[in-house]
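Next come two complexes, and both contain chain A; in the first it sits with chain B, in the second with chain C.
Here is the complex of A and B:
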């Protein structure tokens, strides 16, 4: 039995183990591969950087716990950039799993404390508000009504100083949607960006990138963070390298491993096909 | 996270990954635990953040009694559990579909029109020319009303194949991106196991 025959019959659990090792080893022993900054990430950074201190931006973290490694740092980095710039942040989520704003709350509280910012004055989290399209539309007309008058902690919006300046979405200057599917970013554009003329930027999990990248190319999105790679680039731009930057080595190693598997599998497939054809011709 | 939370999350991660070796009762238990916790989170979140304030603030405090109508419509959905009365649940469903269709028709053209106008490229770069060729050939591939005789045209066949190649490239890119996303999820768990839980990396 040749090498490729053996490869065709190998127990797939060995492949799982190799992929796991290719991810785990660079986590323990990082290689420090260079990371260049793409124009999509630069656009995202520049859009927040162009805001003035005191402006309000909307940040919508629309993902569940499973997607935090990939897109979680996009939310925290955008929040950090805004806080450093003196831009106030309004957080909410409408995506049905409802976990994004809850997950973001803890991370944003830590950053807020670190930078000496005050909840209710510099930022507010309205939490998860069900209704998707209807709620997004309502945010454009009346944020208070869409939020049914309370934030994620159950505080009345009347008691939060920042909310006195935010009655409708158009009172904000920019909307940043951090999502795992392209679908959420499209909805943000359709229901908030286009009706208000507000600048729209987005961060997407890699699985949804091919859906949303045309919106950046067409100029409908001012900036786009693409998967963990985009998150790592953005962490570098906000000068706070975190898990995404550390993870780039592991991701590169895993990609190389999978590419090698794909090449070997295709060679094996072609050889097997040729052998079968030769046998058939010999009969 | 506290030490107890770290250990629960660590053991839970290993239990879920144990499925890769073999289906087993520990995996099954943690799978149900995950689904249950996720559903419970959504219900509690919706209740505290939306339902309770809607009733307490919007209806009782502000006297906006019209909100009772959608609540009643929503409750009608549960009539499907009453034998012989299930058809009533179609009323709120019809209302919901109508609202959804209306919103889609009103708002979805916005991003789409932007894409349409952005597809009028100037033929001043290789990328633009490739994009224009692939756009037109892909559109042509999806013209199903062309009769079998016309499908025999050599020119149509060539353009159609170019379109199909473009679709395959797009699907390949989408698949590659999906693999990248799944690896990011794995990486997140590996970072949790090695850095946060076992503390054998920084």
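Here is the complex of A and C:
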């Protein structure tokens, strides 16, 4: 194997090892790289900040366990910002894997306890409700009916003081959808945002960002958290740096590692191509 | 009759739904929405039965990797049992979820870093002008979205914003419009029975 060929065919186990090290080392020993705040994240923060104490916002965590490291902190940071502001939060999920509200429950309970908030008074989690588009549509007319009258713990909604003020989606002032792909955010806009005219903000995994950016540019989305970077920027804005901020150093190192490998492979490819072309011309 | 009845049901329900929306018959729409939610819940039940019977067959006939089917059946039974007994937000269910599902899901998700890294290294080649543009813009966005890019040069952040705001937004709008028009056309075709692939191969 020639040198140029070697550059293109380095054993993938070396790549795995270097990617692992580039992720693990910054997590154990963060570099503290500066993180600037984008206008999309500022929009997300400002939308919740503009609410008044006592207002209710909808928070829909629509992701599975595999996506928690990337978008999980978006949910907890939004919940924390709302609780700090005295804004009440209604959580539910309609995405078929149904994991988001269950994952959010534990994290939100911890923040609620830390800030001295009360479940049922300051926030309610309705859990996963099947039906996707139809359930979202139903939320606009009747939240109680859409939730089949119970929350995630099986409590009757009549027994929860906050729910006395929330009969239909329009009783809430804002909806924040945290998703891994753009699809869920589009549905939230179509079935809740547009019919009620309420403010819509969203957080998306990096893979879904290209789908939803046009909605932010058009003003249909007031704020957008873009991938783990957006989550890290938002953690800084709510003054509670956490996993996403630490993850930024790991992401930087991993991206640089992958870019170096891609550049090496391309140099090898182009030089090999040139050598072959020169040989063919000399023949 | 195996294709006529589903086609007739599709046509009638579709037409009623469209008419109900455009004539403001919200009661009719609500009724159909209720059917939809009920049938969705029933589909989950049906899916569970189908999965159990399939994996029981795999175990009974000792097909390759039948041991995994036992794990699946045990997990399905455990989750269903604990879910019914403790409800989805109960402490036992939550413990089971955060102890098994969250770490397993995170492990599978994190493997993507290795696969994407390896795939980028092996497949990302500047073979022609188009591929070179994709390669360069991809690397700019990778650096622009990570803090290290701003440390190296503010160019990466500015260029990333431009790539996402201008070429990406315009192309995504075009794709979205195409998808929406295509979806409407597909809906009309299904309603009129022109498109029948959802009924299975025998209905074509």
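To be clear about the criterion, the second predicted complex is superposed on the first by the 278 of 283 C-alpha atoms of A that agree within 3 Å, B and C clash if a C-alpha of one lies under 4 Å from a C-alpha of the other, contacts with A are read in each partner's own complex, and residues count from 1 in each chain.
Operating definition for what follows: a residue touches a chain if its C-beta (ideal position, glycine included) is under 8 Å from a C-beta of that chain, and two chains touch if they have at least 3 such contacts.
Please read these numbers as outputs of a predicted model, since none were measured by experiment.
Novice: For A:27, is the partner it touches chain B (first), chain C (second), both, or none of the two (neither)?
Specialist: Only chain B is touched by A:27; chain C is not.
Novice: Taking the superposition as given, does A:125 touch the first partner, chain B, the second, chain C, both, or neither?
Specialist: A:125 contacts chain C only, not chain B.
Novice: Does chain B (first) or chain C (second) touch A:16, or do both, or does neither?
Specialist: Once the two structures are laid over each other on A, A:16 reaches both partners.
Novice: Quick check for you: in the superposed arrangement, does A:243 touch first (chain B), second (chain C), both or neither?
Specialist: The first partner, chain B, only.
Novice: With the two complexes superposed on chain A, say which partner A:35 touches: chain B (first), chain C (second), both, or neither.
Specialist: Second partner only, chain C.
Novice: Quick one: classify A:103 as touching chain B (first), chain C (second), both or neither.
Specialist: second
Novice: Regarding the shared-chain residue A:191, is it in contact with chain B (first), chain C (second), both, or neither?
Specialist: A:191: touches chain B, not chain C.
Novice: Should A:258 be classified as contacting the first partner (chain B), the second (chain C), both, or neither?
Specialist: A:258 contacts both chain B and chain C.
Novice: Where does A:220 make contact in the superposed view: on chain B (first), on chain C (second), on both, or on neither?
Specialist: A:220 sits against chain B, while chain C stays out of touch.
Novice: Considering only the contact definition stated at the top, list the common interface residues of chain A for chain B and chain C.
Specialist: Common interface on chain A, chain B vs chain C: 16, 19-20, 23, 64-70, 99, 102, 127-128, 130, 134, 137, 152, 154, 206, 209-210, 214, 217, 227, 229, 251, 254-255, 258.
Novice: Give the list of chain A residues in touch with chain B in this complex.
Specialist: Listed in rising order, the residues of chain A that touch chain B are 13, 16, 19-20, 23-24, 27-28, 64-70, 96-99, 102, 127-130, 133-134, 137, 145, 148-150, 152, 154, 156, 180, 186, 189-191, 194-195, 205-210, 214-215, 217-220, 227-229, 243, 246-247, 250-251, 254-255, 258.
Novice: Spell out the residues on chain C that touch chain A in their complex, using ranges where they run on.
Specialist: 30, 33, 36-37, 40-41, 44, 87-90, 93-94, 97-98, 101-106, 108-110, 113-114, 116-118, 120-122, 124-127, 135, 139, 142-143, 145-151, 157, 161, 164-165, 168-169, 172-173, 176
Novice: Of all residues in chain B, which touch chain A in the complex?
Specialist: Touch residues, chain B against chain A: 20-21, 38, 41-42, 45-46, 48-50, 53-54, 57-58, 99-100, 103-104, 107-108, 110-111, 114-115, 117-118, 170, 173-174, 177-191, 194-195, 200-201.
Novice: In the complex, go through chain A and note every residue touching chain C.
Specialist: Chain A residues touching chain C: 10, 12, 15-16, 19-20, 23, 33-36, 38, 64-70, 99, 102-103, 105-106, 125, 127-128, 130-132, 134-135, 137-138, 141, 151-154, 206, 209-211, 213-214, 217, 226-227, 229, 248-249, 251-259, 261-262, 265-266, 269-270.
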